[in-house]
Structures are given as C-alpha cells and as structure tokens.
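What follows are several structures.
Consider the two complexes below, in which subunit A is the common component and subunit B and subunit C are the respective partners.
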Partner chain A sequence: MELLLTYDVSTIDPPGRNRLRRVAKLCEGYGMRVQKSVFEIVCSDADLLVLLDKVQRIIDHDQDSIRIYRVPKGSLRDVKTLGTAAPLPHDDALIL
Partner chain B sequence: MNSLVDSDPQPKVPGMTELLNTLYVQTQGASLFLEGDSIRIVIPEHTGRNIVPLRRIQEIVAFGNVNVSNPLLTRCAADARSVTWMSAGGRFLNRLDGPTRGNVLLRHAQHLHHANARATLETARGFVAGKLQNSRQILLKGARDAQRGQDEIRAKAENIAEAIIAIPEAGDLDVLRGIEGEASRRYFEGFRFLLRRDLDVGAFPSRIRRPPTDPINALLSFFYGLTRSIAQGAAEQVGLDPYIGFLHGLRPAKPALALDLMEELRAPIADRLALTLLNRRQLTAEHFETLPGGAVQLTEPGRTIALTAWREAMTKERPHRLHGRRIPTALLPAVQARILARHIRGELPDYMPWMI
Partner chain C sequence: MELLLTYDVSTIDPPGRNRLRRVAKLCEGYGMRVQKSVFEIVCSDADLLVLLDKVQRIIDHDQDSIRIYRVPKGSLRDVKTLGTAAPLPHDDALIL
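Moving on to the complex of A and B:
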C-alpha cells in the first residue's frame, strides 16, 4: 500500500525535540522523506501495524500530531511536483 | 487509524517485484552505512542526506569502489538480504548471502530442469528465438542506413526469419543448435554490409574467434567478453548456477548458462556498439595491433575508447516488453536471469527472451 505520513511534533522543550528525532528516524526506516516532516511510504499491512505501534509509543498524545493518508496505488509515482521537489523512485531499481 | 489496514483493494499481482527492490550503487567512492532501519549513502562531492529504507531493499549490488560498513553487512546477512560486489566493468567478484536464502532450492531446481531433456530443449528454444529475432532486427534496422547491399541484408534477414519459424519444429538440441549456427552465419554475412565501405580497418571476412585475426572480429570478441561477464554476474547474482546451461553443453570451466543468457544480447548490444564505433571512426586501424601469431587485439587507447562507449551504452535504457517499462542495459541480464529463475521454478511457463 502507498501512504503519505505527516507529523507535527512539538519542539518547545528538549523531550519534544527528542521525540521529533525519534519519529523522523523511525519514518526513515519505512519510507522516503519528501519534505521536512512528510514521508512517502510504500509498505505492507504488517509493516503499517508495526509502524503505528512504534509511533504511538514515541509521541506525546497531548502535544504531537501524526496523520497517515492512504493514497491509491500509483499516486506516489504520478505525483506532480514544483520547485525543488522531485518524484522518488519507490518502485524502480535504485541506481546511485 | 486501523481503517488503513484492510485487505488491499487491488489484487496482488505476481509481478517482477524482485528487481524493483534492488539498490545498485555504481558511483565510485560511495559508502553505505546502517542507520537505524535504513541505509545512509554517502557520496563524495555530493552533499545532502541520502537515506533509503532497508525495508524496501531486497538486494544491494555494488559496482567497483563502493564501501559497505560492517554493521550494514551484518544486518543484511541477518535479514537474508544479499550484497553483491561487481567490478566496475560488471564482472562478478563476490557475494554475501544471508543464511535463509533459497538459492540451494533454485539451483536444485535448475539441475532438475537440466536433467529433463524436454524442459532443457524448451528453454534452449527461448534463447535461440531471442538471439535470432534480435539479430534479424539489427539487420533490418541497419539496412535502412546501409550504403550498400540493402537487398543482400534484407535477404539474410529473411533467411533468419525462416530459421525462427523452424525453431519450434526442432526435435532435439542438436537440430536446434544447427538452426542457430546456420542463422548466425547468415547474420554475419549480412553484418558485413552494415559496415561502411571506406573503413581503414579492413574487411570483415566472417566471424573468427579464438583468436580473432582482424580488427572487426577483435572488437566483437572484446564486447562479447564484456557481455559474457555481465551475463555471468547476473546468473550469480540471482543465485543460478552459471555453469549449468541449456542451449550450451556442459564442459568444465565453461559458464554455459552465462553463454545462454548472453545470446539475445549479442547483436543489439555488442554488435550494434561495435558497428557504431567503427562506422563513426571512433575506432580506426591505429587502435588495433597484431600480435605475433596473428591474433589482433585492441591497443590500450583503443580499449579505453571501447570501454568508455560500453559504460555509456550500459546506462542507456531499453524497453522491456514483459515489464512494460524501460530498463538500463546493464540490468537487462539480471532481469532476464530472474525471468529464467521464475521459469525454472515453474512460475512462468516459458523463458521469455528480451527482444528489441
């Protein structure tokens, strides 16, 4: 499935900044960062369950906000970009 | 939030997903590190974070001077994610494999497939069909630009077309090899006319190998060597035994499967590139030398030109019908080796050669 994950983690205090870093690290293991707090994720149902569980353990439920949108298959490939944004090769061989 | 987790509306397509999740690193001097559940790629003179989730990577293939950190290697081994090192030119060097890979099962299936004469013949037909079809296309496309002998070239292409029709009727491997050999001879008779007339490298007598005794054959042999190495690397990378082939017979130290896999690539990749370099006069007589004994080979500057052109050709993307998208030439053998593996495992009824 293809997901769009956005997060808003409160950074007014050091524990908040710590949570922000942990959320970012976690997301990097699941998808590609497309903007500072936006990730495009391609994963399986099982991966999503694990991700949701891990995120819930990290965030402060009173201060932080996570939104996960499930987008139709192929959306991440068809994305329209402007400026410095570039589509990411989620399904292609990654050649560096 | 759990509403996100339901059965996927789209049916799970048993597609060629393996290739999609391969990380190819060919930037020289790149380093790969483990960072949490992702790979951090550091490329000199390239700022910015380059992070790829490990979850999306089934395999890492590193060409040439690429460093992989020990923690990442350990993690890859633990997750049964293979790491393959190739030389910058695409020669197979070595490979780290996880403990739970099914390679032994694939290899076992390959041996069983080979032991079945009928299955071997069917698979070999695929290789010959791909080779002949691609050879024919190179002739037909070349005929449009040829300065001379267009009728002869088209006649040879017609001979090959007849040979293609005979492939399904070949009752055993020897007949099939006979069809292939005859068509191959016709192809090189046509190939001669694709070369410009006023080249200083001499005429192309016919295909001569071991050793090539004229510049054109020397160049073909050089590119066939490179093609073979990427085909062999692809077989190793996918976990097939490169020495158990179907069209080519088994002989000690003969990578029969690599030779099978390269058949369909010879004309469109190696021959086409040789033609281009010669016809554009990027390679001329001065780039070849004759050794005592009569063998002809590229000089060092000549080799540099040929290799530079090769590397460039390897990055060119070519359409792949089965995948429905374009694939860099360097990856074609790996894609085909995977298709072959699926065929050997019984997931695909036939081996589908790559056709231009």
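Moving on to the complex of A and C:
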C-alpha cells in the first residue's frame, strides 16, 4: 500500500528535533522523506502495524501530531509539485 | 475532489513565515489547515486551477516546496491519527 505520513512537531527545542529525526529515520526504512515532515511510504499491512507501533513509542502524545493517509497505488508518483519539489520514484527499476 | 497540499518553507526568516501565512489563508478558503504546513482541501477542478495559480504567485520557487496529492473521496475522513491529531469533518451537516 502507499501512504502519506505527515508529522507536526515543534522543532524549537532539542527533544522535538530529536523526535523528528527518529521518526524520519524510521520512515526512511519504508519510503522517502519528501519534505521536512512529510514521508511517502510504500509498505505492506504488516509493515504498517510495526511502523505505527514504533512511531507511537517515539512521539510525544501531548505535543506531536501524526496523520497517515492511505492513497491509491500510483498516487505518490502522480503528485503535482510546485517550487523545488519533484516527484520521486518509489518503484522504478534500479539502473546501475 | 479531495486534495492534500503540503508546504515546506523555511520559517526561520520573516519572508518565509509571511509566505506560509499567505498560503495558509488561501488554502483555508478551500478546506482546513490540519498541521502547520498540511492542508486538507475539498474543491472542484476549476477551483484547483485558481488555487494553483494563486499559490504559484505566493511561493518562492527557488526555496519552497509544494506537493499536492489527489486522494479518493473519503480519504480525508479516513485518516489515521496519532498524538494530538484528529480527523476533521469536511462535509458533516452543520448542527446548530
């Protein structure tokens, strides 16, 4: 499945920056960081359960906001971008 | 249609904060700001063209990143949330 995970965390203080860094590292195991706090994820149902469990252990539930949208296959490639953003390949053949 | 618009802009300097404020004000005319830089938008094809045109005039194309994902109807309501996030009603009947 394809997912969009958005993470709103205050990065003014070091603990917030540290949480964002840990969530980013986790999400990058399943996809790509496309903006400072937006991650495109491609994973299985089982992976999602593991991911959710790990994210829950990292975030501050009283301060941070996580939203996870399930999108149809192909949506991540069909994104419309403006400015410096660009669509990123998730499943293109690896060219060596 | 339902859209997710994510905006990555440096808010360290006042011009960046000002651009984010202007994009937020614009997007709030079509939906809701659900995180600092994530907007859930419900609009028509025609509205989207107008929105894109206005956004392009606000952002700094060399610094800012905008991503717009089209999601199936109902996706915005079906969002999975953690922490302080909560699903928001876009089309619930108004209860007075």
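To be clear about the criterion, the second predicted complex is superposed on the first by the 92 of 96 C-alpha atoms of A that agree within 3 Å, B and C clash if a C-alpha of one lies under 4 Å from a C-alpha of the other, contacts with A are read in each partner's own complex, and residues count from 1 in each chain.
Everything below uses one rule, namely that a residue touches a chain if its C-beta (ideal position, glycine included) is under 8 Å from a C-beta of that chain, and two chains touch if they have at least 3 such contacts.
These figures come from a predicted structure and were not determined experimentally.
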Using the superposition on chain A described above, determine whether A:Ala85 touches subunit B (first), subunit C (second), both, or neither.
second
Looking at subunit A, which partner touches more of its residues: subunit C or subunit B?
C
Does the superposition put A:Ile68 against subunit B (first), subunit C (second), both, or neither?
both
Once the shared chain is lined up, is A:Lys36 touching subunit B (first), subunit C (second), both, or neither of them?
second
In the superposed arrangement, which partner chain does A:Thr6 touch: subunit B (first), subunit C (second), both, or neither?
second
Contacts of A:Ile59 with subunit B and subunit C, given as first, second, both or neither
second
Under the contact rule defined above, give the subunit A residues that sit at the interface with subunit B and also at the interface with subunit C.
52, 68, 70
Interface with subunit B, subunit A side, in the complex: residues 1, 3, 25-26, 28-33, 42-43, 45, 47-49, 52, 68, 70, 73, 90-96
Residues of subunit C defined as touching subunit A within the complex:
4, 6-8, 34-38, 52, 55-56, 59-72, 75-76, 78-85
Touching subunit A in the complex, subunit B uses residues 1-2, 4-6, 8, 10, 19-20, 22-27, 30, 35-38, 41, 43, 49-57, 327-328, 331
